[in-house]
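Presented sequentially are two complexes of chain A, the first with chain B as partner and the second with chain C.
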Partner chain A sequence: MKSGIFAALLLVAMSASGAFAQGAPIKLADVAELSGGGATVGNNWKNGIDLAIEEINAKGGLLGRKLEVTHADSQSNPGVARAQVQKALDNEPYVLLGPGYSGSVKVTSPLAAEAGITQIMGGEAAELTQGGNKFLFRTSFGQQSSMPKVAKYVNDELKAKSVAIVWVNNDFGKGGRDVMTKEFAKYNIKVAADISTEAGQADFAADVSKIKAAAPDAVFIYLNEEESARILKELKRQAIAVPLVGETTLVGQKVVELAGDAANGARGHVGLTTDAPVDLVKAFREKFVKKYNYVPDHNGLKGYLAIYMVKATTEKMGKVDAKKFADTLHGLTIKAASEPGILMDVTFDEKGDIDRQGFLVEIVEGKQVVKQVLPKLN
Partner chain B sequence: MSNLLDLLVAGLATGAIYALVAVGFTLLWQTSQTINFAQGEFVMLPAFLMLALMHAGAPFWLAIILGILLSLLLLGLGFKLLLVDPMLRHGVLPLAIATMALAIGMKEAVKQFFSAEASPFPSIVPAGDISILGRVVSLQSLGVLALAIAVVIGLTALLNRTSIGHQMQATAQNPTVARIIGVPVERMILLTFLINAFLVALASLLITPIYLAKFSSGEVLGQAAFIAAIVGGFNQVRGAIAGGLLIGVVDNLAAAYVSTQYRAAVPLVLLIVIILFRPQGLLGRPEERTV
Partner chain C sequence: MTVKGKYLRIALGIVVIGALIIVPMNFNRYGLYILSQWAVMTIAAMGLNLTLGYAGQVSLAQGAFVGIGAYAAAIMTTQGMPLIAALSVAVVLCFAIGWILGYPALRVQHHYLAFVTLAFSTLAFLVFRNEDWLTKGIYGISNIPRPNVMGFATNRPLPFYYFCLGSLGIVSLAMWWLIRSPWGRAFIALRENPVRALSLGIDTRRYTLMAFAIGSALGGVAGTLYAPLTQYIDPVPFNLSLSLDLLMMVIVGGSGFFFGPFLGAMIAVLLPEWLRFTQGYYLMLYAVAVMLLLIYSPTGILGILDRYLAARRTKAASALRAVTKSKLETAS
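Right, the complex of A and B next:
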């Protein structure tokens, strides 16, 4: 009788703890730019992650287990990012998420690779996935994929014969500038001014004066979001009227919010945009706005997709196996029809780069307007 | 040549804002030996006060008025009563260190209670351009320059042409003698703190539409104002004005003709040269206090 009561109590206790039904939570670690110059990047990324986890957990979790994430602030500083990643890896997460800044990814990816932990990050510098790191995956296009499209647009559509390149002097900016310079050379487009700026720079008056003096047919701007907004305001102040072209960081939601009217007319290639003419992306945008009360930029999408990459890969394996995660994700195609959280069909190659449809957008009256959809290659 | 003119206009506009901040710096030093290392953060905060008021539903004009009043209360009266008065009796250095702590506290508080991200801030000067001698010049640059110069002229008139101004100068030059001849020294010192609070609030209003409202935006401004005050002359208001304008122009010319990477170093080099060869600053008086 006594043993029967004990067994019943044990059963009740185990059911109440959830251990019997679900197993231990799956731990994820996120290191992002929650403050400092990249705060826009990191906070959007974090919110996207939290939204996706909330959705997955509300539907019973991943393979019956809840997802848990810890967020750490890199302060937009590669040194701090490295320390935070080391701390996160010490807790043996299933997957490491972030950082978003390429410089921070560059110094943290060897740590994750050494620990055998897959790192899903937001960095876009071309070199990140060229070093043979088998544990590193992108959530968006690398510069080697996006820049040729921008150069082609500048040549074919804008018919520009000379450009001024303005870039931020860090891994992200220099990587973009190097790829872009080569691409412009292929079209015989002259670089009339090559202007490096500093991360966190507040005053762009002198840089814009240089652009004015060079009188280019177009300006290619490759800065982070806040600096992009500042230079757009200064370009308007100094009445520069030539086309302004860039990548996601020139035409993102945050840039539009910060630069106001000055952002109108800016154009660029974006791998991810909440204005994409895709129903699942529109649904994501609505959910995000409902939860956070603002329209996310591409980094919100990146964070959200990172979690659904974890979900699709784990379901493909049929088990939670950190060591086999990277091998499974290499070469994997995730279709939005079977996993709506991935929003658009995507394929990951052997380097961790992605193939997905992209968009050419222009800011019109404070809104991103998709001018052209560039299809997935394979 | 046209490029140089553009750079000069932009540099003077930024320099005029530096001058406002630097003038406050020198006033505090002269009247109460306060080296305020939180001066940059003093420029950052009023913009956030105004933004908070606008988020609460206040129209921009009302947010400006209330923001300036709150700045007078917090950055003028509060700063003097809660930090400067208790710390000053322990010497200039402990007070300077306390202002450093205050700067960190203000940055972190804004980051925590508002946002770590930059926020847009409306401009009181309308957007658009006008043509001057065939050159297109931004209204914003001219507006900022004109407003800053008007305030500086007004302040100079207050100091040199009014009884209160003379009493403030007497307080700055020799508080003991000023007290003997009947100057209300304590009131004059408080007035200086209020003037500084007004100047930083105005600088905040002018610079934030360009730099964006961000918790860290005071770092650059504080450093620029400090250098401007020393270069111009720490014991002279006119020195701080000249120093501010000079640093603004030098910074822009350095970015254009030297390199963006070294632009921050050029004003510092200028500072070193001034300290070595003219320690009282360009327009400072050697017989008075210098740093």
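Right, the complex of A and C next:
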């Protein structure tokens, strides 16, 4: 009798350890801007990742194995990011997630490529995917794919001959401004004023005066959310009536909340937004708000999508294989119908750039109204 | 006692140096990167220790000099020039700019001087960011090569760490010599009492400028190592917070102590890494630890040691005095 119990216990223990060996968690490593200048970016990204992992694990994990992620803080400093990515790679993760700042991506992507580990990141600078790195993937449009759409709109729909560009002087703003200036040149649209502003700037009176003096046909605004709201208010105060165009940030929900009436009439291209008129995105937003009590920006979406990219790619391979991961993801199309977590159909090309539908929206009476859906190219 | 103490110190030094060479051989790439960072930051902090700890001039511009050195190295080595050429340019440039920046120090002191150097720090950041043609602006400079030292490539983490450690060794020896030379004594005289120093015939004007210039040049040396260490630089790491970090390293380690910057940089670079297991709290805990240390010992870590040694000496002296006194009393 006693020995029977003992044998049963032994059997339980053995089967448990067997299950453990088979179902050891899949390790992911995230390095993000959790403190410093990029804290909003990094924390949104991190929360998106945690939400997606929680969902997947609640449904039994990925191929029967739990996902596990470690978050490391880059302090928004490329030097620290490099150290943390090195540390993450030394532990041989399945996939590396982050960072969000383009500079930090530039310093870390050669390390991941050398280790042969796929890096899914949040940076949007055009040049990141142009160096032939086979292990680097975006989660959102690079500026080289979003800006041409805005320029086309300014030329075809607004028929503007001259524009003023207002941009924030960091790698995000400068990158967008540089691509945009080139695009405008293609349409022979004159840049009447080229205005650089600081991150966190509070007073835009002088900048708006310059726009007024230049008398452009349209204004292209590429600032972070808070600053976008401030400049919209100032533009209204100085009674500038020409069309105001932006990309993602200008027409975000936060800007509408902060700027109030002044946001009406603002329009722009949106690639990834929680305001997208897509049911899956709306459901994501509700889940996120329920868990964290705030509405995420596009970085929250990017982090969430990164995890579902891992899931879809792994299921496609049918096994957890870090070596083949990047090869499988290149050229892969993930449909929202079969993988709801990806939210919108998406295709990854050979460079790691993405193709997904986008939206042209306008703020009408404090609400985002989709004027045009820009379909996926392929 | 003193002879024994001297041998003890030499033995301790050899053990520490030996450990710095042998122990990291088994480190992973992350550990080597952090140790290399420690060596580089120690050099920058030594420069500031000379300006602040020995000559008594508060500077919030050391981070900017590290930036100047880093940009000199990044720009020149990506153009195919050797790192040694970049090093010479960085040292000369930082020395000259440090000398010029020293002029306000002749007119203003303490926090006023801190403000002047703070303005310079901001100016340097704006130049790094806005002068695209030279610094590639906010995009930064990538693919910075690591140097070949006497035919040895330092691309791998371990050789590069030895390169940083070797540089730290050379700088330490030079510093050791400097503060024991008449110049070093003049710097200390300047800190302790500038009027008396002047009355003793020390050209305080020249030595103030010199302290600034040499300290800044060491910032440049650290910068030329920082660029190949990270292999990518943009303006953000060289803003005011680096200057404040370096200032903290000097003060926490023990300002005016030779080994202060070594310990200070160790605290500033390694302590946050050790505390990372606490996740979101690590920067908070780090800040609290630094505050508690400075409350306990305003003169830094080496201040604690200094206090202990002084107390022991006082105790020994008073014991001796008591013995002598009792002897005198019995004699009378």
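Annotations for the structure displayed:
Here, the second predicted complex is superposed on the first by the 289 of 378 C-alpha atoms of A that agree within 3 Å, B and C clash if a C-alpha of one lies under 4 Å from a C-alpha of the other, contacts with A are read in each partner's own complex, and residues count from 1 in each chain.
FYI, a contact is a pair of C-beta atoms (placed from the backbone, for glycine too) under 8 Å apart; a residue touches a chain by one contact, two chains touch by 3 or more.
The structure displayed is predicted, hence computed values, not measured ones.
Touch criterion met: A:Q86 reaches chain C, while chain B stays clear of it.
Residue contacts after overlaying the shared chain place A:L136 against neither chain B nor chain C. In the superposed model, A:I342 lies in contact with neither chain B nor chain C. In the superposed pair of complexes, A:D261 makes contact with chain B only, with no contact to chain C. Between chain B and chain C, more residues of chain A are touched by B. By the touch criterion defined above, A:K236 reaches chain B but does not reach chain C.
Of the two partner chains, both chain B and chain C are touched by A:S35. When the two complexes are overlaid on their common chain A, residue A:A125 makes contact with chain C while staying clear of chain B. In the superposition on chain A, A:N169 makes contact with both chain B and chain C. Once the two complexes are overlaid on chain A, the chain A residues touched by chain B in the first and by chain C in the second are 34-35, 169.
Chain contact summary for the complex, chain C toward chain A: residues 28-30, 33-34, 37, 129-130, 137-140, 142, 226, 229-234, 236-237, 273, 276, 279-280, 282-283.
Across the interface of their complex, chain C is touched by residues 34-35, 37, 71-73, 75-79, 82-83, 86-87, 89-90, 103, 106-107, 110, 125, 127, 169-171, 174-175 of chain A.
Of all the residues in chain B, the ones that touch chain A in their complex are 2-3, 6-7, 10-11, 13-14, 111, 115-120, 127, 129, 136, 138, 140-141, 209-212, 214, 216-217, 220, 251-256, 259-261, 263. Chain A makes touch with chain B in their complex at residues 34-36, 39-40, 43, 169, 195-198, 200-203, 205-207, 209-210, 212-213, 226, 229-230, 233-234, 236-239, 254, 257-261.
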